[in-house]
Amino acid sequence: TAADTDTASGDAGSVEGKSICYVTLANSHPYVTPANEGAQAAADAAGVELTIVSEEFSAQTGAEQLNSCVSRGVDGILLWPADENSYLPGLLKAEQAGIPVVAIDTRAGDESMELIKSFAGADKYDQGKISAQQLDGALDSTGGIVVIAGQAGNGTEIARSGGFLDELESMGSGLEILATVNADFDQQKALVASRDLITKFGDQIKGVYAQDDTMAKGFLQALEESGLDFVPVVVGINGEAGAFDNIREGKQFSTILQPPFRNGELAIETLIAVMKGETVPEMVPLENTIVDSSNVDDLEPAL
Amino acid sequence: MNQLVAPARSLDKSTTPGALFSTLSIPIAILVLVVIGSVASPSFLTVNNLTNVLNANSAVGLIALGMTFVMVSGGLADLSVPANVAMGALVTLGAQESMGTGLAALMGLLVASMGGVVNGILIGYLRINPIIATLGTGSVLLGLSQLLVGGGIVYAQPSALSTFVKSSILGIPVFIWIFIFVALILHPLLARTSFGRWSLAVGGNYQAAQASAVPVRFTKAAAFAMTGFLAGLCGVLLALSNGQARPIIGTGYEFVAITAVVIGGTSVFGGNGSVLRTVGGVLITALIGNLIILLGFPSQATGLITGAIVLGAVGIDAYFRRKAGRL
Amino acid sequence: MTTESTPAVALRMTGITKSFPGVMALQDVDLEINEGEVHAIVGENGAGKSTLMKILAGFYQPDKGEIEVGGRKAIHWTPREARSRGIGMIYQELNLVPDLSVAENISLGAMPTRGPFVDYRAMNAKADAVLRELDTDIDPGTRLGDLSISQQQLVEIAKVVARQPNVVVFDEPTSSLGDKETRVLFDVITKMRDRGIAIIYISHRLQEVMEIGDRVTVLRDGRHIETRDVAGITPDEMVSLMVGRDLNEMFPKFDLGLGEQVLAIEGASRAGQFDNVTLDVRKHEIVGLAGLVGSGRTEVARALFGLDPLEEGTITLAGKVLKIRSPRQAVAAGIALVPEDRKGQGIIPGLSVRENFTLPVITRITNALLIFLGKERKIVTELADRLKVNPPQVERPLNVFSGGNQQKVVLGKWLLSEPKLLILDEPTRGVDVGAKADIHHIIGEFAQDGGGVLMISSELPELLAVCDRIFVLHEGVIAAEISRADATEESVMRAATGQEVAA
Amino acid sequence: MKNFDFALLGARAVQYRLVIMLVAVAVFGGLSLDDFLTVNTLQSVLDRATVVGFLALGLTPVLIAGQIDLSIGSMMSMAGITTIFMQPVIGNVPAAAAGVAVGILIGAVNALMVVVFKINSLVATLATLLIFASLALLLTNSYPLSSEDPIFGLPLTADFLWILTPRSAIFLIAAVLMFVWLKLTPTGRNLYAVGSDASAATSSGINANGYIAASFVLSGFFAGLAGMMQSLSTAAGSPVAGAVMLIPAITAVVIGGTRLEGGRGSSLATLGGVLALGALTTALEYNGVPSYTQAIYTGLLLILLISLDRIVSGHGGASSRAQRSVRVAPRNTPLPRRNA
C-alpha cells in the first residue's frame, strides 16, 4: 500500500535532475488531468524533470511516443496504456536501452506487463469485477440488467467490460443481460440510448451497469423523464460529485472511488523508486473504494 | 401552414421516376423504418417511444438545420461543429457562477457564433476551402475550449433555465419544441425569403449570383455564422440539461449533421436543398438509432447501417439524375 | 490526294437518331463529308448540330444509325476510338487543362515517351512546331491557365492539328475570337483543307459560312433539311431553310428622338486594361462599343458594373456621379449588365426560370420577411410571355433550356430591374437567327421606353444595324466615335485596328 | 511598389513554406531543447511520421484528381485487424499482404461508389468511413487483437541506415517513387489533367473515370500499407487504430501545398508537410506543451498558410470546381499585345 512507496520519495538526492517521460492518456480529461497534476507534483517534489506527452486516447500515438521517449534516452518512463498490446515493441526497446517503465492506471497485456517494472493504479478490470459483485449482491443474483458501456475499443471500456463479464460468469450469477449499448462515456448518448432501453424493457430493468458515473447520470435522467416509478439498482464508476449526490438521494446504488491525483503521485513515486534501484511490488494498488449509502458522507468525490 | 411551404423544387417534374424518387424517398424511408419498428417491437408504436425518436436527435438536429444552409450555398460542410458545441457548453457553465445562468447562456451562444463568424470570414470573404478552414478553426477552438477548462468537467448549478430545458410542454419535451421552432423559422428562411434565394443562387453558380447583385460573400459567410450559432445553442442546451459539460461533448456531431442533411437529399454541390427535407433526414437517423436498440443490434452497427442508407439514397438519386441526363 | 471529279468520302453518317428524355435531338440524319472540303453545318439553336458532332466524337451513342470513317464502319465508338481514327474536335468551350503546360495540353492523351517517362524535349519540340505553324509565339512551357482566352483558343486548335487528324470539327470556333484571330483561323482551315483534311464547320455567322465553306448542310429540329454547294446559296436562303419561314427584318431599327444623357464616363482607366475612356449614352439610344478581341470592351463593361472597379475616372449616371465598387451598387444605381459568359456569369443552372428572373430584384418583391410568391409568379409569367421564352414553363430549371432561351432569361432578369442603363456584352453570341431577332426586338423596346443601351458585339453587321452611335476601342483607348451615318464596316475596322479614322 | 514587394515576399513565403517551416522547427527545437538536433531525434521524428505519412501519401493522388477520401482511417483499421487476425492462419508475410489487400479492396469500393454510382466523393467516403469503422468494431467485438507473433514486426522500427528505420525508409522511397510517377510519366501527368479539368481530359481521350478510380484504389493501398505496418510494428490490430488519423493526414497534405480543388500537388510536398508537422509535434511535445495547445498551433498554422496562399494567389482564382468550369484566364495576367 501507500506506505511502501512513501519511502521512495524519502531519499530524493540520487534522482535529482534526472528526466522522466510520461506518456499520458490525455491532457484534458476529468480523471486523467488530475492524475497528471499528481504526477507533476510528485516529480517536482523529487526534483526530477518530467515531460508529459499525451497520446489523446490513441494507442498508436502512444506507442510512437513511447519509442520517441526511448530514443531520447530519458531515465525513466511512466506509461498510461490505452490498450493492451500496442506498446510491446517500444517496451522491448526500453528494456534494451535499460530504461525502466512503470504503468499507471491501466494494465497492459500480460506480455507487456513482463517488461513493465510495476503498475500503479486502480485496476479497471477489478472495477468491472467489483461492479458485478455489487449488482449481483443487490439483486440477489436474479433479474435483468442493462450495460451502458464506454467507447467501443477503448482500453477502459475493454477492461471494465471484461472484469464485469468474467466475474458474473465465475460467480455463476443469475443476472440476465438484457442489452449492452455503447454510449462512449457521454451523458447525452447515454440519455438517448437509455430512453430507448427504458421504452423497450421498462421495469424488466432491475439493474444498470454504467461504466462511468456520467453515463449513469444519463440513465437516471432518462428514467426520471419516463415518469415510471421503479427503482433499478444503478452501479457506476469514478466517484464523481454528481454520483455522490445521487447515492445520497437513493437514485444510484454505488460508485467506485479512485482518487486520480493520488494515482499520479503514486505512479511517479513508484517509478522513482525503481530508478533508484529499489525493489518495488509488481503492483502498487490505488484502492478501489466502493461508495454507497453507508459511506457516502465520509468520503470526498474524486472529481 | 400551407402558405409557408414553397412549391417543392421537384414537384413540377414529378413525371419521371427520378423526380418521384427524390420527392417521395424521405416519406417512404420513414414509413419503411416505422413499419419495421412496429413489426419488430411492440414498444415501438408507443407515445413514449415516438417521443424518444423525436427527442433523440433534436439537439444535434439543430446543427443539421444550419448545415443545410452551408451545403446549399456551396460551402460543402462545417467540420468545426464539435468545437462550437463545446464552446457553447463550456462557456455557459464556466460563466454561470459569475454572471447568472441566462447571461452565461447568451455568452456561450455569442462565443460559438463568433467561431461561426470566423469561419464565415475565412470561407465567405477570403474564399478558403471550407473543409480546410473549418478543420483549422475547429482545431483551434477545441484546443481553446480544453485550455479553458484545463481538463475535467464543468458542473452546472441548478437554475430555472435548466429546469425549463429539461421539462415538457403539452407532454412534449422542450428540446423537441426548440427544434420545431428553429425548423419553422429556417424552412421559410430558405424557401421563402431573399436570403434563401440568395443561398440557392450562390450555391448554384457563384459568379452568376455575384453578377446578379447577390451579396455572395455575406450569404456564404452567414451560413457558417448560423451553423456556429446553432452548434452553440446545441451546446448550451446540452450543458444545461446534462448539468455538466466536457470538451468532448460534441464529438462526432459534425458527421451526424452532415449525414442527416445528405440523407435529406440536399446536394453536396450546393444549389438545391430544403430544410424540411433535412428534418426528414434527422428523423431517419433518429429512427435508425432507436431501432438498433429496440431490435437489440449491437450499437457498433450504427455506422454500418447509416452509411449503407447514405450510399443507397444518394446512389439511387444520382442514378435517376443521370438517367434524366442532368448531372 | 484525290481527283477533282470524284472526291473521296472521308466520313459518312447515316440514319442517325438520338433522343434525350423529352427531346428528339436528332431524327434520321444523314451526313457525308468529303476529303479536302470545308463542310458547314447551320441551324437554329437546338437544331442538333452539337449533338450530331458529339455522336461523331463518340461522346454520345446514337439510338440508331451508322458511322463510317475512311470507308470503315465504326464499332465500339468511344471518344478514344474516334480520336484514334483521326477525328479531331474543337469545341465552342475550351477543352484545356489550366494546370498543365501548353505543351502538355497539346500532347494530352498521347504524350511522347522515352522509356516509361515523358519525353519533355520531344513534346516541347512538337508543340513549338505546331504553334509556329499557327503563326503564334506562345511559349510551350507556359502554364495554360496563364494565357489569355484567345491564346487558349489557339492552343485548343494546335492540340487538334498536332494529332494530324483526317476530319476536324469546329463547333462555333469564332464565337470568342475577334476578326484578326478569325483570319488566322481561316488561314489554318484553308491550309488543312488543302492537305486533304475534311473540315466540318459549325457557325451561326452565315457570312463566315459563305466565306470559308464549300458545301453547307442545314439542320432543323433534329432533321437533315438540305445539303448544297455554298456557291449556289445565299444567306437569305440559308436562313429560310433554317427557320422554315422567311424572317422579315433581322435588325429592326426604331426611330426615336434622343433624350437627355443617361451615362457619361470620363477619363476612366484600369491599369493594363483600358485607359482614359470617355463615352456617353443618352436616353432612347443604343450605343455600340466595338473593338478587336482584347481591346478592353468587356473590361469597360465590368468596371461600369462594379465587377472590377475603376482606378481612375468618373461615372455619371442620370446626372449623378457614382462610385461603383460592386454589382450591388451598380444595380441600386440603375445599371444592368448582360455578361458575355452566359454559362459562367449569366445563369444559375439549377434554379428555375422564375427564380433566375427575379434574382436581382428579389428584395423588391419581399415584405419585411417573405417573398410574395403569387406576385413573383405573375410578374415572371408575363415577362416570359413577352420575351417568348420557349417552352413557356417558368418552373423548369434553366439548364434544360436552349442557349437562346437562356439568354432571353438573362436579359429578362435585367429588364425586371428596370435599369436606366443596360449594358450588353455579346448579347447574341451563339444565339440562332430567330432568337437573335427576338433579342434585338427586346433591346429596341427597352430603348424606346426611355432606357440607354451600351452594346458590345464582335459581329460588326449587328452593331451597324442596331446602334445609333459606335465607340471603337483600340488597345484600351477610345480610337473613334462614329455616328450612325458614318458607320461602315470599313470605318469601324480601321479604328479598331489602330489606323487613322477616315474623315 | 511597396505593395508589390510585399506580395512578392508573400509569394516566396508560400513557395518555400516547407523549407521555412522545417528550418523554423529545427531552430525552435534546437534552441529550446538540448537533444533535439540529434540522430536519435531525427530517427524518431521520421519513424513517427511514417504511418500518417503513408495515409497522406495515399491521399495525395486523390486530391490531385480533385476528389477526397475521408475513409483512410477506417481502411487502415480494417487492414490492421486483418493482418493480425490472419497471421496465425496463413503466416506472417501472406497476412501482411492480406492486410494491404483489404485496403485495396475498400479503395475499390470507394472507386465503385464514386465512378460507377456517381456519388460525390465527400459523401461516398463519409459513408464508407462510417461503414468500415463500424465493421471493424463488429468484427473484433471492439477488442484489439494481439499478434501471435509479436517479434515478427519489430524489425520494422529497428535501427537502419543512420536516421532511418525500415518502415521510414519504405515511406521515403514510396514518396520519391510517387514523385517520379506524378511528374515524369504520362499517366502521372494525365492524373493532373483529370483533376484540373475532368471533361477536358476526357475529350483528350483520357479515361478520367479510370484515373479517379485508380486514385481511390491507390489510397486504399497506402491506407492498407499504413494499417499493416502499424499493426505489425505494434503487434496489435486495433479496430480504432485509424479513427484519429484523418485530420493529421489531411493537414499534412494541405500544409505541403496540395490543394483540395485538384490539379495541383506533389508527393514530395506531402512528404515535407508530414515531416514539418511531425517535427513540430515532437518539438512541442518535448517542451511539454499540452496536446490541446498543440492543436491550437497546428490549427493556426493551417489557417495562416492557406490564407497566405489565398491572398498571394489573388482573389481572382476560383475556389471551387464549379467556378473553375468557367474557363477564363486569371484576370491578373498581363494583356497580350501581339499586334505590333
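We just call them A, B, C and D in the order they show up, numbering each chain from 1.
Methods note: a contact is a pair of C-beta atoms (placed from the backbone, for glycine too) under 8 Å apart; a residue touches a chain by one contact, two chains touch by 3 or more.
Fair warning: this is a prediction, and the values are worked out from it, not measured in the lab.
Enquirer: In terms of C-beta pairs in contact, which two chains are most connected?
Expert: So the chains sharing the most C-beta contacts are B-D.
Enquirer: Averaged over CA atoms, how far is the centre of chain A from the centre of chain D? Could you give it in whole Å?
Expert: 35
Enquirer: Please report how many Å separate the Cα centroid of chain B from that of chain D, as a whole number.
Expert: From the centre of chain B to the centre of chain D is 29 Å.
Enquirer: CA centre of chain B versus CA centre of chain C: separation in Å?
Expert: From the centre of chain B to the centre of chain C is 43 Å.
Enquirer: Please set out, as single numbers or ranges, the residues of chain D touching at least two other chains.
Expert: As it turns out, chain D has residues touching two or more other chains at 137, 142, 290, 292, 326.
Enquirer: Of all residues in chain A, which are in touch with two or more distinct other chains?
Expert: Only 26-28, 152, 182 qualify.
Enquirer: Would you mind listing the residues of chain C that make contact with two or more other chains?
Expert: Residues 344-345 of chain C each touch two or more of the other chains.
Enquirer: Going by the touch definition at the top, which pairs of chains touch each other?
Expert: The complete list of chain pairs in contact reads A-B, A-D, B-C, B-D, C-D.
Enquirer: For the complex, give me every residue of chain B touching chain A.
Expert: Those in contact with chain A are residues 41, 43, 46, 48-49, 52, 55-57, 59, 146, 149-153, 155, 166, 173, 238, 241-244, 246-249, 251, 289-290, 293-294, 296, 298-300.
Enquirer: Hey, which residues of chain A end up touching chain B in the complex?
Expert: Against chain B, chain A makes touches at 26-30, 32-34, 36, 152, 179-184, 186-188, 191-193, 195-197, 199-200, 202, 214, 217-218, 221, 225-226, 240-242, 303.
Enquirer: Across the complex, what residues on chain D touch chain C?
Expert: Spelled out, the residues of chain D in touch with chain C are 184-186, 189-190, 192-193, 195-197, 199-207, 263-264, 324-331, 333-339.
Enquirer: How about chain B: which of its residues touch chain D in the complex?
Expert: 74, 76-77, 122, 126-129, 131-133, 135-144, 146-147, 205-207, 247, 255, 258-259, 262, 268-270, 298, 300-304, 306-308, 310-311, 314-315, 318-319, 322, 327
Enquirer: Write out the stretch or stretches of chain A touching chain D in their complex.
Expert: Interface residues on chain A, with respect to chain D: 26-28, 50-54, 56-61, 63-65, 67-68, 71-73, 83-89, 92-93, 109, 111, 152-154, 157-158, 182.
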